[in-house]
Structures are given as structure tokens and as C-alpha cells.
Amino acid sequence: GCKKNSSSSDGSVEITNVSYDPTREFYEEYNVEFAKYWKDKTGQEVTVTQSHGGSGKQARSVIEGNEADVVTLALAHDITAIEEAGLIEEGWINEFEKNSSPYTSTIVFLVRKGNDKDIKDWSDLIKDGVNVITPNPKTSGGACWNFLSAWAYAKNQYNGDETQIKDFVTKLYKNVSVLDSGARGATTTFVENGQGDVLIAWENEAYLTLDEHPDEFEIVTPSISILAEPSVAIVDSVAKKRGTEEVAKEYLTYLYSDVGQRLAGENYYRPTNTDILKEFSDVFNLDLNMVSIDDFGGWNEAYEVYFQDGGIFDQIYTQ
Amino acid sequence: MSIKQDSVDLKKGAKITKTVLITVSLLFVIIMLVIPMLILIVYAFKDGFTKYIEAITDTYTIKALRLTIIATITAVAINTFFGLFAAWAVTKFYFKGKQLLLTLIDIPFAVSPVIAGLIFILTFGRIGWAHGFLEAHDIQIVFAVPGVIIATIFVTFPFISREIIPVLNAQGKDEEEAAALMGASGFRIFRKITLPHMKWALLYGIVLCSARAMGEFGAVSVLSGHLRGKTNTLPLHVEIIYNEFKLSAAFAVSSILVVLAVIILILRNIVEYKAKKGGR
Amino acid sequence: MEYKLKRIKRRRVIPGFPLSMGITLAMVSMIVLIPMASIIICASDLSLQEFIQIVTAKDVVSGYVVSFSCALIAAIINCIFGVILAWVLVRYEFPGKRFLDGLIELPFALPTAVAGISLTALYSDQGWIGGIFAKFGIKIAYTKVGITIAMIFIGIPFVVRAIQPVLEKFDPQYEEAASMLGANGSRTFFRVIFPEILPAMLTGFGLALARGIGEYGSVVFIAGNIPYKTQIAPLLIMSKLEQLKYTDATAIALVMLVVSFLILLLLNIIQVHATKRTT
Amino acid sequence: MYVELKNITKTFQDYKASDNVSFGIEKGKLIGLLGPSGSGKTTILRMIAGLEQPDSGDIFINGERVNDIPASKRGIGFVFQSYALFRYMDVFDNIAFGLEIQKKNKKEIKDRVLELIKLIGLEGLEHRYPNQLSGGQRQRVAFARALAPNPQLLLLDEPFAAIDAKVRQELRSWLKEMISRVGITSIFVTHDQDEAIEVADEIIITNQGRVDQMGSPLEIYKKPGTPFVAQFIGQSSIVEDYSSLVGFDKVESMNQAIIRPEFIRIAKRGELKQYLSAAEEGVVESIAFRGNNLEVKVQVNGQNFTATRSLEKESIQVGEEVDVLIYRLYVFDEDRTYLLENKAMKDDNPVFI
Amino acid sequence: MYVELKNITKTFQDYKASDNVSFGIEKGKLIGLLGPSGSGKTTILRMIAGLEQPDSGDIFINGERVNDIPASKRGIGFVFQSYALFRYMDVFDNIAFGLEIQKKNKKEIKDRVLELIKLIGLEGLEHRYPNQLSGGQRQRVAFARALAPNPQLLLLDEPFAAIDAKVRQELRSWLKEMISRVGITSIFVTHDQDEAIEVADEIIITNQGRVDQMGSPLEIYKKPGTPFVAQFIGQSSIVEDYSSLVGFDKVESMNQAIIRPEFIRIAKRGELKQYLSAAEEGVVESIAFRGNNLEVKVQVNGQNFTATRSLEKESIQVGEEVDVLIYRLYVFDEDRTYLLENKAMKDDNPVFI
């Protein structure tokens, strides 16, 4: 138990960024860039300690005492949970631009090369004999986005008829053979262990897989998907205690800089800066029809309705 | 003549039983234990030897290895300390509630690693009842190295005492009584009489305890916070690189653990061999 | 009065009782009891009704059932192979025996996550073994069979190491006595040897069972985690935690703890009984 | 009295292992604690040693009350039933252990240990480990180890139990001689009456946690104080209807009698020159060779008696009619015994040839 | 011959546990295999049972060579030294075990077991477990269990070793009686000469893997075939210089002699009415009470002899001068013994009072 004052006199500072699974590669590069930037600006060495895991689990560890200066999680809901625990000040969502989401992503399908089952859209996922891999929304933030995308598609398809939508989603999850606890686990199950015909995945995750295993998989973009907005925030109480507020704030702000935005794009996250997004138009399908979390009444309501114990997700399994 | 035949058949029967049982054992061990290990090695070298070396000499890997070794050594030291005193108390004295105490010592054997992690979060975490005190003294336990060590101690808690207690029980306490009667101090009795008797069991316990401590995943995972280069033990690091799609690197790092495990198991065999020879 | 006091301060011949007992109790309290008490403290926020409601929720019960039934089957299989392995290791000489003996503890030493990953790779329908079974339409990984296999993997050392010393100590006179009475090998085994190793086997069985029920790392990879089918109880605890429902998680954990504790207690009682009968 | 126990009581759970035990032992004596298994012998010994605390009562050694003196300070040597030799020390170190604790110097220790090793006749074996010794040798080492620190009192718990019959015989004489040579007050426990009789100066007989009798072997043999002692010591058979025998009248309240082989003389017809009227007539039931004499079973009026007959005498046959002269017997009730002499032998006028 | 061993040899590692052992046993006899520890008794028994294979030689039971018949098919009952009662079966099940294997029906089994339980006198204890029985009771159960399948031959390895002294005495007679009642050919092992003498019809004496002598107890006692037997059987002391004793001349090549207590008569001065010229003068060295007589050690011309004296005779004191009459002694060389009578007793003219 030694006193932790992170900005020490010798001109170095240390911050901890607790993030979620698919952002590893991105932050690994970003931290290097930011350290350069910070050194130039202040002359101080900054070391960023990374932590990755399922988004919900990561939020929990912060609530339980994992001393993160900043959190960069999969969904606003997880950060709200930290806020409710009193570690982040209210109004964090407006602290940075674009709802504190420096980059976004969406949900796509990853299928095996040749697309034998001829999967083009959500409706193909409920066909008999199609084996779907997606993680469990109760333990994975990414999985929530997956679920909501499917829901959005069905809502559009059945004109909001609740029973039919539910029926659709139920059928879809009946086709799920492995419900991993995290997004990465699901990817491994699909890619390495060869389970399933289609993986519902983060867009960035899908591209990463293509990089790692060229010529083995294809990406299929559905007709409707969701705008996934991973959020970032300063954990005020921790940063205050450790005297890192300034660097933490700068760390997140710099994500919006051109450097940060480009880096996000290179890692297959959609930059929120529209100019830079356009630079990546050959990568991303910019015409994709995307709903947003606001269409579900915001995260708090969506979580309550769909994922809380006894919520719709539970119901489709108890039917 | 028919009698002779009979006896030959019987011997043949015993031989067949022997062959069948040995075959079954070998198959079981190969399928359940050897092949999983083999697969690990195969995957580890899938990307070639240089990649392998790269993976195991990565700074984070080395840091994780260091933490693992620190946690293991601390856990072994503390559990040995505990095991010796507990074994002494339990085997050399009669007292009420001995059975209950033994059961309590055994609890970590039966507790799910997830729960093992959870209990420390609930105790020392921000939501735990001891948090106020820790906060006031600026002590960080969970999501820091102490937490990793405590969790490791917990899951390996019974290993050493459980190895020594039966040996001391079988020995009885006559020799200690004889020595005490001559006025020997507790420490002297322990060093000269009890320790030589249980040293092989103790070593065996230490070996098992280190094996288990090095491999602990579930409990540590719950309270480590996965801080790269800080609270990641080797098994956690394996999970992380596995999740980074570096399958082969993950298995390469796992192979360090396998090598350590194999070294430990070889040690175990040596210990056992010596014990049998020395015990007579 | 003075006399009474003296009697209470009972002298023990071998020195070191207060010290060793003190240290033992202090450490058991610090490392086991107090942290475990946190579970109860946390769960005590719940009323009995709420508690019952949580631990009897359909998905929770199904989690228990999956964990328990798989662990039970795994423990039973481990008993069968554990007895065979212990027997082979004690009674026969053959090349590679020391190697075989040394391997038994491998599951202790291998990190559970690594084990889980390897087993999944091995038993998925693309894997070396899973592939063979897949040809016959049998799925292993992501089914209860897979969960059971992972539990067999982690439980086997408990059973073998419990039985081995008993068999080693077993006086061959009992077998000779049976054979003098005309009994053949299998009869001697089942009627004479088996009852002798039964208590040890039950100990191993109990430990393997308790470990299996609680196992997370090696199982979670190979389990399909489909609610009501392949979702294990520890995963449910995890999932409650993700939702920050600590009381729910602790309630479920408490039930598992009590079960584990009861299993251990039962084992200790069986042991005490068995030693009573034989000494 | 060198060692004295006063009203010692000790209960294990609900079992009274010592029930108001009192006795005193003189300095320099070798005492045998004799009793059947479970009669509380070990418990008494362990309480004297301080290995067990009595529930009530006092123990005095050399006039001092030692109840509150810890075992290690009582200056007592103890030889355990299973010897409890330190397995991981050789003979020398075992014997030296007690001396090292007394912080004697190296030279002194060595001299004393070698002297003891010589005394027990194990020269040359000082660097053997206990498991390389025979039972008898181990016993000797245990004895030497207990003696090394010059205790004032030596306690031995079944010192011969773990040794085989032939060797046991030798060790008994050896131990008796050793103890008398060293001149140390000693108490040893045994459940074997022959052993107690052979070795001890005085015997204390325990029975169900109580002390039934204390006295010299001959005293106890000749005047057993309780029916239990009468039966426990010596070979004996019970006579249900002693008053039907010639020369013995019924004693008030004493319904049974005990008879020993040496109380009976079996004589060929015509062999008996005296006391003929005091003898009964009997038929030989069986004859067995017993080491250096014959054991003869005879039936007299439907009751069976066992007697011995010397090999040197004229042989008798099974079925032969013989004269059976009973010299005496013990009659007893619940807790007393009396020796009854054959009255008819006194009445009968001796006839000399 | 019912059981016959011909030139049996058995080596463990490099140790000859049986060295060219041959003997034959008649049907219905109770044979004692007697010898010191490690002399190969158990090995012989186990080879007969089939639990051990001889390296060479033949074993015949009832005329049939059984070397290749497995233990379970030889129809032999075996009582193990530590009984090896099945700990998890009660008395009834232990005894029934062998019958169940023979696939007898329930009723038959029950009848036979109850009959045996009655025979061994354990009625009412049939549902006790072995650990709830005393040593003697366990021995009886082991005996009944071995007898249950009606074996043709019963082997017992040290049947009394685990039982305490008092009970052992009783069990010996009990077992002898049982075996003669059942009429089964039996061999039992013991290292206790008293036990062999008391129980066996015939004794086989083993020594270092060889059979030294076989014969009835009395024969062996009276005519020991080898020096080993002479020393092993009966209590004896060695006389270095026997030719210096009155009445004994030096026999060619025989340098030492063995003497037994009953070969010696110790008489108070004036007590000896006969053979005075054949007696030596001696001094009483020590007197010890030995159960039912006194053991007296006397010194004669610098040599020590042990003799016994009846309690009924007039008492003598340590230091008293006595007459010592030696009736006879055994002289021996490497492998022969001869009985030598006191010549002077023949020469001396008897004097009757």
C-alpha cells in the first residue's frame, strides 16, 4: 500500500484505460501516438496501462475498485452504471463531442468463404439449418448491439408488430448453437473452432478477422443495422484522487483529433469526423441503413426492456 | 492334465485382465491428458519457431511470468507456514471441533474459483465492507498485486496441510511425547523429530501447491482487473493474447506453463521416489 | 476456586498448542472465514422470500441442474477410471508407468483456461477427436458431453490420488484369504477390495464433484452457454455480476457454497465412520 | 514412599479409566502394574509421567506434589510401549537426545552415551537407525534413552509386548538385572501375569480402573485379595460345588471356589501312602505333555479338575482310576476370598511306612 | 501320506527360505511347524496353500501333485496370522463368504454358518463387525471361516500370535479340541515351543530353511536330533565342561553339553537320601518365584545351573550350600546329540530308609 500519486515530480505520468475486448489493437497504436503528442506538449512521459475484457465485466471492475482514469467501453449503459456508482459525474455524455463517442461501429455478418448458405440479410438467419454464432447479451456489450440490430430489422419488417418481432428474434436465437460470454469468444468459436455458418459481429472485428485469415471469410452487410456508439469517459473520482484529470481529459480529447480519427479508421472503427470517415469510404459501406440507440429510447430504457432479468431476451428462451 | 490346463487358463485370465486394464488406463490418460497437451504444443509452433520465441520473450509475457512466480512463491510460503502449524495443531493435540476445523481448511478445494474471486471483491473491493478502512490507509488490494496473491493463497490454501496431516496422523505422537518428556522445546521437537518424518510429504505438498498456484485462472481473473503488465498473471495473459486472435502466441505462452508444470511433475516424481526409498 | 482455574488451564505435554492453534485459527479466519462471511453479509440484504425467488428462478435452477448433473456424471466416470488407474499404478509394472503416474497431476498444473481452450480445440467438430465423432453425427464440444469431459479432466487427479495410497497400504493377506476361500479375481475385487477403497473413492468422488460443480475456466470455453441447455451455474453468477446484481450473484453463490460444504462435511463424516469400522 | 498416588480419578468421556486409585511405592523397587487390557494401567503410568492430568487426586514424587509440574520437569524416564524411538536419529542420537537438551557438553554426552550403549550391549551398533534393529535391540535402546538423563523414576509401558516369545524371555531377565544394577525406582506395565511374577518386586493389580491388590508376587499368588485376583493370577479352574468335596465345608455366602493345579495331587492307585481318607476318587480324562510335566485332567463326582504330574513319575493312562487329593482351595464371594485347607488332612492320622 | 513335500526349495532374492524341505503328514493329524523367526515356516505353509510357488520340488496332497493347481482350487482352509477377516463384512458374511462362492443356496449357507457360529461359541454375535470383536473372538471367526467350505486340509499361520497371554492359553486348548472334533488334517505354524508342545500331535522343527526334526512332542523333547533342537526345545543351559561333573565322562568330539532344569535336583543338606555320591556340592545364587514353583540358580565348581524346586518343599535361602544331583544331560557336536545318564547313579547302591 504505497501512496499513489500518478504525476510524479520526475515528469512522468501514468494513466489506466479500462476498455473492452475489440479495441486492443486500436489503443495499442493510439497510446503510442498520444504519448508522443503529450511529450511534445508538456514534456512529460505518459504511460497508459491497458485493460481489456467484456465491456460489462470491465465496467464492473471499475465499480468494484479497479482504478481506471478513463473508461472506453462498448456502450453508454456500462458507463452510466459507473456513474450510478458515483465514480463519474453526471453529464459525462456531453463532456466530449458526439455523445462522447469518438468512433462508432456497426453490426455485420461474417460468413465462410463462398457463403454456402447464401446469407444476405437478417431474414436468412432464421432459416432452418443455418447455424448462428453470437455472444450472450447478458454478459457481452457487443451482443446487445447484435440483438438490437436484429430487433430493428424485424421491427421494420413486421411494422412494429411486437409478437411477430419477438417470434423472429426467437427463431434467430433458436439457430444460435454457441452463446459465448464475450464477443471475442464468439469470434474464436466461429473462426478457430469452425462452429456455425454465420457470426454476428462488430464491423471492426469482422475486418480484423479478414486481415488475419485472408480468403477464408466474407463480410455480409445486412439491410438494416445499428449505429453502435462506444462511449468514453473520465472516471472523475479516480482521476481526481490521482491527480490525472488533465492528462485523462487530453487523452480522450485527442481521440477526436485527426490523428486519433485516422487511427480509428485504420482499425476499422468508423471515425465520427465525417471528413475522415469519407477517407475510408472504400472500406465502409456508408449507405448502410442504421438505426440508433435513441430509437430504442436510449440505453437505460433499452436495457431495462430487453436485457434485464425477465426481459425480452430471457423471455425468448423461456417460451 | 486337465488341472494343469485350468491353472494355465487362470494365469492367462490374470494376464488378460492386466493387459486390458493397462490399455484402458493408457488410453484414458492419452485421450484426456496427453492429447490436450499435445494440441497445445502443436498450436504453439504453428506459426513457426521464431514466432514462438517472440511470443515467449514479449515484455508483457515476461512481466506476467514474473507476477505468476511472485504469486506462486508467496502463496507457497504462506501456505507452508500455515500448513505446518495447522498440521501440528491438528495431529498432536486433541480438541473439540477438530473435524469442523478440517472441513473449514478444505473449503477452498470445493469453492468455485468464481466465488473465490467474488468473496474478495465483496470484502476488499469498493463495494466491500473493508473498503473504508483500506481507503483510509490507501491500501489497494483487489485489482492490484496483493489481490492476485491473496486469491492464489485462497485457492491453494489446503494443499500443503492436506498432504502433511495424514502422514503425521499415521505417525502418532509417541515420539513427540517422548521428546517433550525429556524437556525438549517445541521448536526442537519439530525440527528434529516431526520435520524429518514429514519432509517428503511437505515437499510433495509444496510441489502440488506451486503447480496449482501457477495455473490458477478463475479466481484471479475476477479480481485482477486485467491490467496489462501489472496484474496479469501468465494464465490471464494467455487469455488476453488468445482474445487478440494470436492463437498460436497464446499457446506458446501456455507452453511455458506446461513446461513449468512438467518440471514440477518431474520434481514430484523425484520427491515421491525419494520418499519411498527413505521411508522404507 | 483456584483449583478450578488450574483445571481449566489444562496442560498439554507436547508444547506449542496455543501458538499453532492460534496461528491456524487466525489464518483460517483471515483467509477463509472472513472473506466467506462477506457472501453471507451481502446475501443478507435479501429477505428470505427474495432469496428463495432468486435461487429458484428457472434459469438458475437449470444452471444448477446442468452443473450438478454434468459434475455428477464426470465424477462417476472419474471413479471408474480413477479406480482402474490407481489399480494399474499400484499393482502392475510396465514400461512408462512412472510417466503415467506423473501425468495424473497435470490438470492441477495446467491453467484451467488453457485446458479449456485446448479441450475445445480438440473436441470441436473440427478437432482431432471431435472430428472423428462428428462423422457419426455426435457433437461433443458445446454440448453437455463437452462440459462433462472438461469436468472429467479437472477431477481425475482427486480420485486417483485418493485411492492410490489406500491400495498401496492394502494388505495382500485379504486377497489371499479370499482366494483361499475359492474366490476368483473379480469376486475378490468387488467383495473384498472394493469396500476397502470405497471410503477413499468417495472422498475423491466428493472432491471431484465439488470441483466440477464450481468449475469455470476450463468449462466455459467448451460449454455452449445456451440458456436451459448448456449454461453452467458459475456462468450465471458471472452474468449476474455483469448486471451488477451482487445480491443475486451472492445468493446463487451461497447455495453452491452450502452444497459444496455439505459434500465436504458428508465426506468427512464418511471417513470418520469408515475409520471407526476398521480400527 | 517415593511415589504416591492418592485418590486419583480420571474419566475419558464417560469412561472411568482410573477410579479412586491410591498406592505407594518405595524407593528402589521394581513395581509391576498388572491387569487385563483396558483396566487402566497405561492411564496410571501416563498420569505419573505427567502425560495425562488426573481429574482429581494427588500424585507425590519424593514427597512433593507434582500434579502441577509439567511432564518435562518431573525427571522421569519413560519407555513407550512401541518404544517411540526417533526414527530419523541413529542409536547414538536417540540416547543423546535428552542429554543435549540438558545442554551437557559434547564430551560428557559422548561418554555417557557410550557407557549406556555398553551397558545395553549394543557396542558397534551406535550408528544404526531404529529400523535396522531387531525388536529386542530397539527395546534396549529405548531403555538406554530413558536412562540417559539420570531420571529418578523409570516408567515402562508394556516393555515386552512387541517382542517375540523366545526373545521376550531373555529380555525379561536382562531388564530386571539392568534395573537392579542401576538401582532406579521403576514401574512397568504388563498384562501378562508370568511376566509380572518373574520381573517385579511388587505387583499392583488393576481391574476396571481400580487397584485390586498390591503385594509381592508370592503374596498375591498365595493370598489373592479378591476373586478377580485369584482367577487372574495362576492357572485356575472354578469349582461350582466345593462343599461336596471331602474335607471342605460350606462357608457362609461363598458359593464358588477356585482351585489351582498345584493344589491337587493325582496318585496312581496305591501310590498314596497318607491322607487316603482325605482323597477323592477320580477318573483320568486326558493327559497332555506340557513342556516339562504332564497336565492331567480328572473327573471327580462329575466335576473336572486340572492337575500336573511329573514326567519322572510312573505313567498313568486315560481312563485310569486314580486318587485325587485336594490340599486346599480358594472360596470367594463378590469381593473376598479365603483360603480353605482340606480339613480331612488334619484329622487323618498320618501313617508312616 | 496325506500331505507330502518332496525336496522343496524356495529362494527369495538370494535368501534360501526353504532348503530341500521334505516331509509327510498323515491324514487327521495336527502338525505344529515350529522354528525360530525367519526359519521359513510361513514360507512352507504358503507353498502348501499355493500362495507361493516353490522353485523346485513337488507338493502332493492326497496323492495328487498340486504344484500347478491354483490356491483357490486346492480346497485348503487357511487361517492367517492376523486373521485377515474382511473388515467390511460382519461375522456371518465372513463365514458365509467361501460358501457363497461355491454357489450354495441361501438356506444351506445359513444353516452351515449358524452351525459354525455355534461351534465356535459366538451365538448372538453374528452381526458384529471384526473390529467389535476381541482378539480371541476374531481368531474363532477366522477359524470358522476357513472351515466353512469343508476343506480337506487346514493351515494356520501363528494362530495365537495376536492374542494376549491369558486368552492364548484358553484358545490353545479350544483349538486343539475343535480340530480333533472336526477331524481335519491341520498344520499350524508357531515360534513358541510351549505352544507347539501343547497343541500338536507331531512337531516339525525348522531351522534356517531346513527341517531339523519331525516327531511327537515327547520324542522331540526326549530325543532331540540336533544340537539346535536340543537347545530350542525346553529351557536349557549350556555346560562348557561337562566331563568335570561327577558321573559324566567325556564323549569323543563332543565338547559341550546341554542341561535342562528338570535334569537337576536341588536338595537341602540332608534331604538327599540316595545317590549322595552322584551329587555335586553347590551354592544357591538366586531364587525366583516362577508361577507355581521356584527357579533356583546354583553354582557348582564355577559353573551355573538352573533348576526348579516345588513350593511345597522346605524353603531354601540364597547363599545356602546344597546338594546338586544331575540326572542326565545332552552332549553334542556340530550335528548330533546324545543323552548321557549320570553313571554314578547306577554305580551308587540304592539306600532305602
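General remarks:
The letters A, B, C, D and E name the chains in turn, as written, and every chain counts its residues from 1.
Just so we're on the same page, contacts are C-beta pairs under 8 Å (C-beta built on N, C-alpha and C of every residue); 3 or more make two chains touch, one makes a residue touch a chain.
Chain labels with UniProt names: B = Sulfate transport system permease protein; C = Sulfate transport system permease protein CysT; D, E = ABC-type quaternary amine transporter.
Note that the structure is a prediction, hence the values are computed from the model and not measured.
Steps from chain B to chain C, minimised over paths through touching chains, total 1.
Distances between chain centres, each the mean of the C-alpha atoms, put A farthest from chain E.
Here the largest set of C-beta contact pairs joins the chains B-C. Averaging C-alpha coordinates per chain places the centre of chain D 24 Å away from that of chain E. Chain centres here are Cα means. That of chain B falls 54 Å from that of chain D. Of all residues in chain A, those that touch two or more other chains are 63, 185, 192. Touching of two or more other chains is recorded for residues 70, 73 of chain E.
Each of the following residues of chain B touches two or more other chains: 127, 177, 180-181, 185, 242.
Every residue of chain C that touches chain B in the complex is listed here, in rising order: 12-17, 19-21, 23-25, 27-28, 31-36, 38-39, 41-42, 81, 84-85, 87-89, 92, 94, 96, 98, 100-115, 117-119, 121-122, 127-129, 149, 152-153, 156, 165, 185, 207, 210-211, 213-217, 233-234, 237-238, 241, 246, 249-250, 253, 256-257, 260-261, 263-265, 268-269, 272. Here chain D touches chain C in the complex through residues 50-51, 53, 68, 70-72, going by the rule given at the top.
Within the complex, the chain E residues that touch chain C are 49, 51, 70-73, 76-78, 80, 82, 84, 86-89, 97-98, 101-102, 129, 131, 145-146, 148-149. Put simply, chain B touches chain A in their complex at residues 121, 124-127, 131, 134, 137-140, 142-143, 225-230, 240, 242-245, 247.
Residues of chain A touching chain C in their complex: 54, 56-57, 60, 63, 81, 136, 138-139, 176-181, 185, 189, 192-195, 307-309, 314, 317-318.
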